[in-house]
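In the part that follows, the structures are each spelled out as structure tokens.
Same chain, two partners: subunit A is paired with subunit B first, then with subunit C.
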Partner chain A sequence: MAGVSPLLSLKNINVTFGGVRALKGVSFEVNPGEVHCLAGENGCGKSTLIKVITGVYRPQLGAQFTFDGKLIATMTPNLAQSLGIQVIWQDLALFGEMSVAENISFQLAVKGKYGLVDKRAIEEAARKALARLGVSLDLHLPLKELPIAQRQIVAIARALVGEARLVFMDEPTASLTQSEADYLIGIVRNLSDSGVAVVFVSHRLAEVLEISHRITVLRDGSMVGVYPVEGMTQSRVTELMTGRNFDSAVIAADHVDAPVVLSVRNLTRDGEFSNVSFDIRQGETLGITGLLGAGRTELALTLFGMRRPHSGEIIVEGQRVSFASNRDAIRAGIAYLSEDRLSLGLNQPQSIADNLVMASLDRILVGGLISSRRKAEVVSRWISELAVKIGKPHDPIRTLSGGNQQRVAIAKWLAIGPKILILDAPTVGVDVGARAGIFEIVRKLAAEGLSIVIISDEPPEVYFNADRVVHMADGCFKSVYDPRQISLTELESAVYA
Partner chain B sequence: MKAFVRNFRASFGPDMGGPMVALVAVLLIFGLAADNFLSMATFGSVAFQLPELGLLTLAMLLPLLTGGINLSITFAANLSGLAAAWVWQTHGGVDAPTSAFLFACLAALGTGAATGALTGVAIAYTRAHPILVTLSMMIFLRGLGEFLTRGGDISGFPSYVGLIGHGSIFGLPVPLLIFLVCVATWHVLLTRSKLGFGLLMIGSNLEAAHYSGLNTRKIVVLVYTLSGIMCAIAGIIMLARFNSVRVGHGESYLLITVLAAFLGGINPFGGFGRVLPVFVALIVLQLLSSGLNLMGANQHLATALWGVLMIVVMAARTLASNSHIFRRKKA
Partner chain C sequence: MRRLIQSKPTELTLLAVTVLLCLGLSVGTDRFLTIANAFDVLNVSAVNIIFAVGLLVVLISGGIDISFAVAASVVQYVTVLALLTLGGGNWAVGFIIAGCVGMGLGLINAFLIYRLQIISIVATISTFNVFFGLLMFVTKGVSIYNLPDWLATRFVFFEHEMADGSWIELTLPVVVMILCCIATSFMISRTTTGRKLYAFGDNPEGARRFGINIAAMHYVSFGWLGLMAGIAGLMQAHYAQEVVPNALYGRELDVLAATVLGGARLGGGKGSVLGCVLGVLLVSITQNGLNLMGVSPFAFKMIVGAIILAAITLSSTRFDKLLPKALQNSVRKGNHRS
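And now, the complex of A and B:
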């Protein structure tokens, strides 16, 4: 794209919050029609930069801001809007009860004639915006009835109604399956072909590399550099983002001499999964990968006693078990780390300490009452054992970063003294750098004899951290791989086939 | 000033500030305005009036902390009182022997527990909103009570019943002693018991508590059952104080209990709150009403001022959380 004058150009951006420098002399440039990736760990300044560009935050003196060749003295949210700069935040900010058309054109609805809402104009604008994306949706359907991928499309269409020229997308694929993500990537390509520049913020490095033209990497509020995507690899991007080098090596080993802890025989739940059979030995790690909707979480919830199997057996240490609730599973030594840390895995408003002891209350009782001394002991023991970075134990857990929250969630289960730990999507919403830390813990626990199941829709996570990898699709165990005998690419092509 | 605030917070907890400030303000204002306010008479009247509202507030407190509410408390209290009255009446009315006391109390507690358990089961298993379930329960209990009493008063109890309502032990009114025991029990329940831990957890996120292996249904049923038992204790005290049972006794307390709980720093959405600030808030409300009474003001004006107090405390909380001295350090 040499010779093209940039659509957006920022130079020397400094932002300070109460003494903390959130952005240090950052430059950023986007060309017309380009797909540009903004990469960096949480807290590196990505959101701050987006908010500077949209006029929410004002940079310090000395900043230079041009859009479409014109110097912008002071950016404001209104000015950004009228220039065609739009942001699609991760939560989408859509209205669940309103129709697709109303969601897309709601800026028009606000400006209706005589203070009234012009329904026909709303639908016309919505149809046009969707047509530009090459998509057709039922305009009258309430938004909440659409799958998340289609809600994303509604959010993009809404940006187009606002005559977008530059669209920021914050983690657009975080909650999508691979095929949905692929579809969305196609949409982004259409957008880029029609001359709209897209800035993509994503944790999924594979798709970032697939879709972007250039990558700007931020680390700790500073600019690491701008790189063309040709010749970039995932590990190189990770290295640039974290400033560290993560050696990935297969750790798979044989555990034939260890006793079998969990056996599953022909486990079936109609419509969710069928005829699932496997054994896990002490200290062994089983990886389950596959697309969302393959029945992975349903299987995990059944093992955890929260759903009843229709047929088949679960055998824990030679005993056939039948769980009436997850309390039975917990008593049998099975722990389940939920994929949804925000609403199921942790009780976000409550304290770090209370979250940590939530599953193991019986262990801190003295004479039937909770002993605050024992509670403090348990909390400080696990905080130091898993190296969780916290302020005070009674701070709400939502004040912690994703990685530290996940450590507390793991500690909560370790505190019950489990035999089997099921980790469902343990790195969702966790920074690349912190992910490695989570897997270090997992490997250490396996070495200490815990049997672990890792469920992930990212094949590399299971490939590098499990002894065996199961590919699950349509509710069945399609095949089992030994990571020592196949390459990651072979595994990925099997999963994404 | 900062050090004082920090020390205060460390020893009493951050939610104690509002009620304590209100307490000092009420004592100061009425102490200066009415020269006979700071007297044994005032405290005597507060001590006798506090328990009724107080016990009903304790009955309201647990459901509020789970993110629910119990709108049937006053009728559950009176229906429990009615059960006790029935026992006394069948044992000879005014001449009922002392042994009937135990049966009467058991009948009341059993009735309260049963109404609460029924409410709890309905909420836990239908997942209907507690407002709907307890509203239905409230209408059911009121109708049932009015049917049984034909809308009138039931009276004629043995003389020892009066001791519960008006007697004193070591100079402390019996209702107050009962109330203090209940406050202490609720305090221990909330701060030290598994049930207390669990009910606060489900108050802020029921699903997360369920995923962590807490028996959320059992907790909900127990919470409403305990609420019902507390209603029964309130019902016995009301019976003894008025020497009669009437379905409508204390009906106006219903929403005041919610007010007292919020004054005491209970999170309106559940999950956070302690008993002791609520206890202080109750004393403030009672002092306010006694003080106005002493100055010859209309009783209805006192009710109006309770509402004003609530708004003032809300505003003060917002101001305090915005000022530098009171702001908690962010993590």
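And now, the complex of A and C:
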């Protein structure tokens, strides 16, 4: 890209919040039509940088800001809009009850002549924006009827109506399945081909490497560097983001001598999964991977007693069980870490301590009442055992980082003394650096004799952390692999095939 | 047609329920299915429909109001006292006073909710008590019977004697109700302000990021409801030919139920004038039918409650959920990817 003058150029950006330096001398440059990835762990300053560029925050003196060759003295949100700088936030900020057309042309819908809505102009603009993306959608459908991937497209089209020249996309693929994400990536390519620059923020490094031209890495508010994507690998990016080197090695081992803890025979739930059979031995870790919609979570919920199988058997320690609810499953020693930590796994406004003892309340009762002494014992035991970094046990759990929240969520289940722990997407919303910590815990628990099932979208997670890896697709166990006898690439191509 | 079904499923279900109810009633009683009776139902429903379209605007913007019916009582009292002091006045003066006082009371609610950050249900339960308490305290519960002549005289736009000797009448409240419906419908679906109200009710944070004036949204929605409540109060006084301080007490829940029945969502972003009208009419038709069938008035509330429950279940539950399990799956596979 030599010889091209950058569309956006920032130099020497410093931002301080209450004495904490959020950005330290950061530079950032985007070329016209480029797809540029902004990478870094949560809290590294990515969103602060986006807010500086869109005029929400003002950098300290000495910053230099040019857009399209012109020096910008003070950026404001209005100026950013009129220059064509658009942000697609992670939550999209769309209106569920309104039609697709109204969502796309919302700026026109609220700025009509004489205060009247011009329906024709709205539809015309929406149609044009979609055509530019090469997509056709029913303009009259209420937005809430669309799947998430298409809502993303509506949000992108909305940016185009605003004459976008530079679009920021914050974690656009976080809630998409693989094929939807691929589709979205195609759309981003179209956008970039038509001359719009895209700044992409994503945790999924594979797609970052696939789509971007260059990567800017931030760490702790400082610039690590700008790298062309050629020759980059996921592990190199991770290393740059975290400043640490994660040596991944297969840990798979045989457990043939250990007793079988859980057996599943021909388990079936119509329309969700069928004929699933497997054994897990004590201290063994089983990894299940596959695309979203393969029936993984449905299987886990059935093992956890929240759904009833239509046929097949679940055998726990040689006893055939039939769970009427998850209370029975918990009693039988099965624990399930929900894939949705924010709304299902933890009670966000409640304290760390209350969340931690949520599943084991009956163990801290004295005379039918909660004993605060026993509660404190349980809490301090697990906080230290899992090395959770907290302020006070009484702080609300939402004040913790994703990684530490996940540790508390795991501790909540460990406190009931389970035999089998099912971890559904344990690293969603957890930083790359903190993920390794979660898996360290998993390995330690397995070594202590707990049987573990790890469910994950990302083949590497199960490949490096499980004794056996199951590829699940369309509700069936397609194949079972031993990570020692297959390469990661082979596993990934099987899953994404 | 497909688009209509897609965009207005609640309204269509409600319409179907109403038609079924009418069919049942016309078989059950011979006097139900007459034009005269249809006009009767309209005349009786007019005031509630005016309330309902006002409340609709507040619900769309994500708020709720409990105080509007007693606010209308306050409006009636203040308006009639003012008119008597002015020496009589006329329709124009009456509408202006009622509209302004009503809007003023609505703006008080908006102020409490926006500036003092009190959630709307709590704020309006408080003003409900304040408005009603003040009214009863100041008036000592005394009604006004000597309304100005123009207000107490029935104002009929059109009347016609039917062959069977019954009369059809198009009265002022019905005409005013139609105008209120048209105005509200225009405001919420054709003006940018209306679209902003929907957007704000749908996703307040999203609306804020677009730079929508949040204060204005509160004042417009509660001001509009206040205006409608004022007009409805005046129409109710005209219809009853008296002002009784507690005449409208309790009306808020009937109107709220009818509006939600009509597809407005508690929580914002959704609802239509057509739905409101159908919601109110369904309740009125039920009462009218029960009356004609000679059912004890003591049973009315119970039956109306049951009808509301049935209608709201039908319109809020997806039909395939009511089907047996086996059929359900095939429906889901057919038209829905999950």
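Operating definition for what follows: the second predicted complex is superposed on the first by the 497 of 497 C-alpha atoms of A that agree within 3 Å, B and C clash if a C-alpha of one lies under 4 Å from a C-alpha of the other, contacts with A are read in each partner's own complex, and residues count from 1 in each chain.
Methods note: a contact is a pair of C-beta atoms (placed from the backbone, for glycine too) under 8 Å apart; a residue touches a chain by one contact, two chains touch by 3 or more.
Source: prediction; values computed, not measured.
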{"item": "Room on subunit A for both subunit B and subunit C (clash or fit)", "value": "fit"}
{"item": "Geometry of the superposed three-chain model: angle at subunit A (Cα centres of subunit B and subunit C, steps of 10 degrees)", "value": "40"}
{"item": "Touching partner for A:Asn326 - first (subunit B), second (subunit C), both, neither", "value": "first"}
{"item": "Subunit B versus subunit C as contact partner of A:Asp354, first or second or both or neither", "value": "first"}
{"item": "Touched partner set for A:Arg363, first subunit B, second subunit C, both or neither", "value": "neither"}
{"item": "Touched partner set for A:Gly345, first subunit B, second subunit C, both or neither", "value": "first"}
{"item": "First (subunit B), second (subunit C), both or neither touched by A:His394", "value": "neither"}
{"item": "Touching partner for A:Phe95 - first (subunit B), second (subunit C), both, neither", "value": "second"}
{"item": "Partner chain in contact with A:Lys444 - subunit B first, subunit C second, else both or neither", "value": "neither"}
{"item": "Least Cα gap, in Å, left between subunit B and subunit C after the two complexes are fitted on chain A", "value": "6"}
{"item": "On subunit A, the residue positions that both subunit B and subunit C contact, one per complex", "value": "none"}
{"item": "Subunit B partner contacts - residues on subunit A that touch it in the complex", "value": "306, 325-327, 330, 336, 338, 343-350, 354, 358-359, 361-362, 365, 368-370, 391-392, 395-396, 399, 412"}
{"item": "Partner subunit C, residues of subunit A touching it in the complex", "value": "77, 89, 91-99, 102, 106-107, 109-112, 115-117, 140-142, 147, 270-271"}
{"item": "Subunit A contact footprint on subunit C (complex, rising order)", "value": "3, 6-7, 189-196, 198-199, 202-203, 205-207, 209-212, 265, 269-270, 329, 333, 337"}
{"item": "Subunit B residues within the subunit A interface of the complex", "value": "188, 191-194, 197-198, 200-201, 204-205, 207-215, 271-272, 330-331"}
